[in-house]
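Some structures to go through are shown next.
Two complexes follow with subunit A in common, the first pairing it with subunit B and the second with subunit C.
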Partner chain A sequence: MPIVVKGLSFAYSKGTPFEKKALDCVDVEISDGQFIGIMGHTGSGKSTFIQHLNGLIKVQSGEIDVDGIHLTSARRPKPDYKKLRSTVGMVFQYPEYQLFDETVIKDVAFGPKNLGLSKEEAFARAAEALRLVGLDPDEIGERAPFELSGGQKRRVAIAGVIAMRPKILILDEPTAGLDPYGKEQIMSLICRLKRECSPTVIVISHDMDEITRYADRLIVFSEGRVAFDMPMQELFKHGQELEAIGLELPSCVSIADNLRLKGIELGDDIVNMDGLAKAVVKAARERGIECGDIASVRWYGEEGE
Partner chain B sequence: MRDVAFGQYYPVSSPIHRLDPRLKIVFTLLYVVTMFFVSSYTAYAVILIFLLALCGFSHIPPSAMFKSIKGIIILLILTSVLNLFFYGGETSVVWQWWIFKISPEAIDSALKLMLRLILLIMGTTMLTFTTGATELTDGIESLLKPLNLIKIPVRDLAIIMSIALRFIPILIDETDKITMAQKSRGADFDSGNIFKRAKALLPVLIPLFVGAFRKADELADALDARCYNASPKRTRMKKITFAVRDLIALIVFAALVAFVFLDKYLIGGADTYIVKLFNIIVEFFKGL
Partner chain C sequence: MSTAIGLYGVSFAYDTEEEGQAYALKDVSFEIEKGSFVAVVGHNGSGKSTLARLLNGLLIPTVGRVKVFGYDTCDEDTIYEIRRRVGMVFQNPDNQMVASVVEDDIAFGPENLGVEREEIIRRVDNALASVGMSDYRKSTPFRMSGGQKQRIAIAGALALCPEVLVLDESTAMLDPKGRAEVMGVVRRLNREQGITVIHITHYMEETLDCDRVIVMDGGSVALDGTPSEVFGRGEELKRYKISPPYVTWLADALARAGLDIDRAIYTREEMEESLCRLLSKD
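Showing the complex of A and B:
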């Protein structure tokens, strides 16, 4: 079942002088199996939006339907929050700061245990989730989370959400504060998770180059509204409007644009580095320059993917 | 949690915001002391009017001031209920059941206690509403300067205090974030008995403390990086000066304190006179 959001509006500190409108009549539909990128300037309402999807913020006006669970401003019937939170897994910014238990395995099992699973089941799920994020449960399961390195901690925190087996995985800036290599690893981890356990993925990101490599569709927020929600090829024709709301075009698009100014036409459908590389090779061949094939741009040591 | 008003600065420009912070600190201390000498409802009313006027002059909506009570509401109810039933003084009992007694004196004392607490919190909140952390530190430092003579590191104490104040909203924000994260992992803070609930708070408290220590470390490094302790003599960008408006504030505040003490020791509580006056007026109209 998809996610359907209709006419969602929200204001913080409603009815006080500090009232701040965060969302203004947002309509979004997300079908199963999509990789959605959400972008927007700080304070554009994107975080408020995703917190709604997990029932962390009570709906003020509008309707949300997530996998058959209906959220409205009405008090009753009370939505099944437990089911909602096991359906939608939410990884917050800097999730490693939310680790608390004595051992890694206990911390990861916290979510499944809250779902009412037995201790053995919860630990089995935790071990599985750790393996999924590329950590060995036998090796680090009994260690204290605070002893791990930054990248490992973040993996453990993601495993804590994965252990609940969510069908929809939402991540708020999963690569913030990591080095390029760590970023690459987390992003390919997310792709693997999408294939193996959570078919729908929603990622908030500030990095156009990064998100365009993975997402099928971008939703751009600005001042509490959905400013753009269209295929990326279309979106990047609105370069000036994007800049007006504080977003930059991905560098592959600027490179293609600059090449066009120099008289080298690469086509309209370049949205990421892979596409750019292929188009450049194609254009070079057309001009009779010999060059080899590029299957995929190799970034920082991807794990053979 | 976001609605907790205590300890927050209300960033507007007003004559009260521009008052000498030293004066405001001294006023607040005197205010707290004075509150314990308030003996009549009239005086409570006068203080409430004073606070409302203060709101007016400082461009702070009174609702923001009233919100500050939210944090002590349980304390308020508890103390006034205890006072109501277990008043220790001489009583003319009207109603009694087992060990519970209610008397007019008890009601009087419970009401006054409640008013005292409410006005205390509201008054002290006005200090943090109208005084930024830097001013507050500068004010405290300036006031405690004499202690330097007996080798007490006043400057360090002042910065410790201001950092503590500054960290309150940050930690509240952090608590919000961590609570949300644990909720989305299915944590349940709202059901079960008191022990279960206390245990449910651990996943919030542990990351909160770890984060607080980390932030403290980072802050210490930042202070070092800016050579905080390098020079024994530090100058400041804004010098605190005593202006005409400070003099006016001094007079008004002195009048308030004087009224409270006169009311207690000379008049013996203005309430009786007001009741008398009211009776005379009623008699007068009856006579017509």
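Showing the complex of A and C:
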């Protein structure tokens, strides 16, 4: 079942002199199986928005439906928060800072245990989750999380969320602070998790070039509102408005736009590097230049998987 | 041109419980010219941060010598002179604040050196002006954005009148706006005040207008040259797990498809020009 958000507004420190509006009448619908990118500069409301989706922030006004669970400002009936949190997995920024247990396997099993599973079941799920994020539970399961490298720690933290088998996976800047190779690996991991475990994925990102390689829809927040929510081909025609709210066009789109000004038309449906590469190949062939096909533009080849 | 910092056959080993000594740097030698803007890149574990800490004597080489304006970092008599001349800004903006009011935070360094009050006030003024934060002198750093906090951290280093600034992934935790703020400030300090900058980063876009890019891999210098020299070495970069800007990815893919595009392209403008040239032919 999809996620439906209607008229959601929220203010921090409501009713005090420090009251600060964070969300202002937000309407969003997200269907099952989508890969959503959420963008917006710091303070635009995107983190407040995602924290509503698994009940970390209680609704002040408006309503939310997540996989059949209804969230409103009413106290009763109380929503099934346990079910909500196993349905919507949330990976925060720098999740590796939240590892706490003595061993990796115990840390990852913490979530499923809290869902009420037996110790054996919880550990089995934890082992499965570790394998899903590309770690060997036999090798690192009994080690202390703090002995691992930064990239491994982040994977363990993601495994802790995956162990609850969420249908919807939300990640807040999952590649922040990683080196380029680590970024590539985490983004490939997220694609694998989408295929094998959590069909709906929502990622907050600051990097247009990165997110357009993966997402099939972008939702842009500004000043607590949804500023843009439309197909990317349409969205990137609003370059100036995006710039006004602190977002740059993906470099592939600005390249295509600038070439258009010089009289070379590559088409107006380019949203990422793959699209630009294919358009260049097509344009070259139309001009009688021979060249091979480009399936996708990657740097590390298949080993990034 | 004179040398600001020189490394001569430097190796550094951390003591570990299990395996004895683990070398994080192996036989590294290079000199950094005064007034230059140098980027250091490398994947996690390549030795970048160890390198940064050797540049002002936070770490002392296990083997070899680090010389800062001629002073050896292993000489305890001159280590404070070295630390004053080489300011450092670290990754996490929240871990570098020592006071709850901006001007106190910036005054902390010179106060510790026993600088005169009048001089401290002058330095705080200058430092805040240099990072564009003069309006925030009486504010508290804790409610600021990441970019503002890092600019305050830079101002704190500037209050010691350094000749070199080492930024150890100082932009890694910032959003694009914060990164642009910090890079703008650092570039201006380099151009207008002649401060030598050594910028350690994962963001390749930040290295494009540097004088020099040093690529670290496995504790050694793998590549060392201008951005165009370095980003033209596609296959080697892949081996060192370095990723150039996306434009270079595109150039690489187009060149491999057999199109007449230079693989070393790393700016949008160059890409636009090359595509224009390619597609204007009839």
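Worth a mention:
We take it that the second predicted complex is superposed on the first by the 301 of 305 C-alpha atoms of A that agree within 3 Å, B and C clash if a C-alpha of one lies under 4 Å from a C-alpha of the other, contacts with A are read in each partner's own complex, and residues count from 1 in each chain.
The working rule: a residue touches a chain if its C-beta (ideal position, glycine included) is under 8 Å from a C-beta of that chain, and two chains touch if they have at least 3 such contacts.
Here the structure is a predicted model, which means the values were calculated and not measured.
Judged by the touch definition given at the top, the superposed model places A:251 against subunit C, while subunit B stays out of reach. With both structures placed on the common chain, the touch criterion links A:115 to subunit B but leaves subunit C unconnected.
In the superposed pair of complexes, A:144 makes contact with neither subunit B nor subunit C. In the superposed pair of complexes, A:69 makes contact with neither subunit B nor subunit C.
Which of subunit B and subunit C touches more residues of subunit A is settled by the count: it is C.
In the superposition on chain A, A:289 contacts subunit C only, with no contact to subunit B. When the two structures are aligned on the shared chain, A:191 is found in touch with neither subunit B nor subunit C. When the two complexes are overlaid on their common chain A, residue A:181 makes contact with subunit C while staying clear of subunit B.
Once the two complexes are overlaid on the shared chain, A:42 sits against subunit C while remaining clear of subunit B. The contact sets of subunit A with subunit B and with subunit C never meet. By the touch rule above, subunit B contacts subunit A in their complex via residues 2-3, 61, 63-64, 177-178, 180-188, 202-204, 206-207, 210-211. Residues 12-13, 16-17, 51, 54, 56, 82, 85-86, 88-90, 92, 95, 97-101, 110-111, 114-115, 146, 160-161, 164 of subunit A are the ones that touch subunit B when the two sit in their complex. On the subunit A side of its complex with subunit C, the touching residues are 41-42, 149-151, 176-182, 184, 206-207, 209, 246, 248, 251-252, 254-255, 258-259, 262, 264, 273, 276-277, 280-281, 283-284, 287, 289-294, 297-301. Considering their complex, residues 42-45, 91, 145-146, 169, 172-173, 175-178, 202, 204, 238, 241-244, 246-247, 249-250, 252-254, 256-260, 268, 271-272, 275-276, 278-282 of subunit C touch subunit A.
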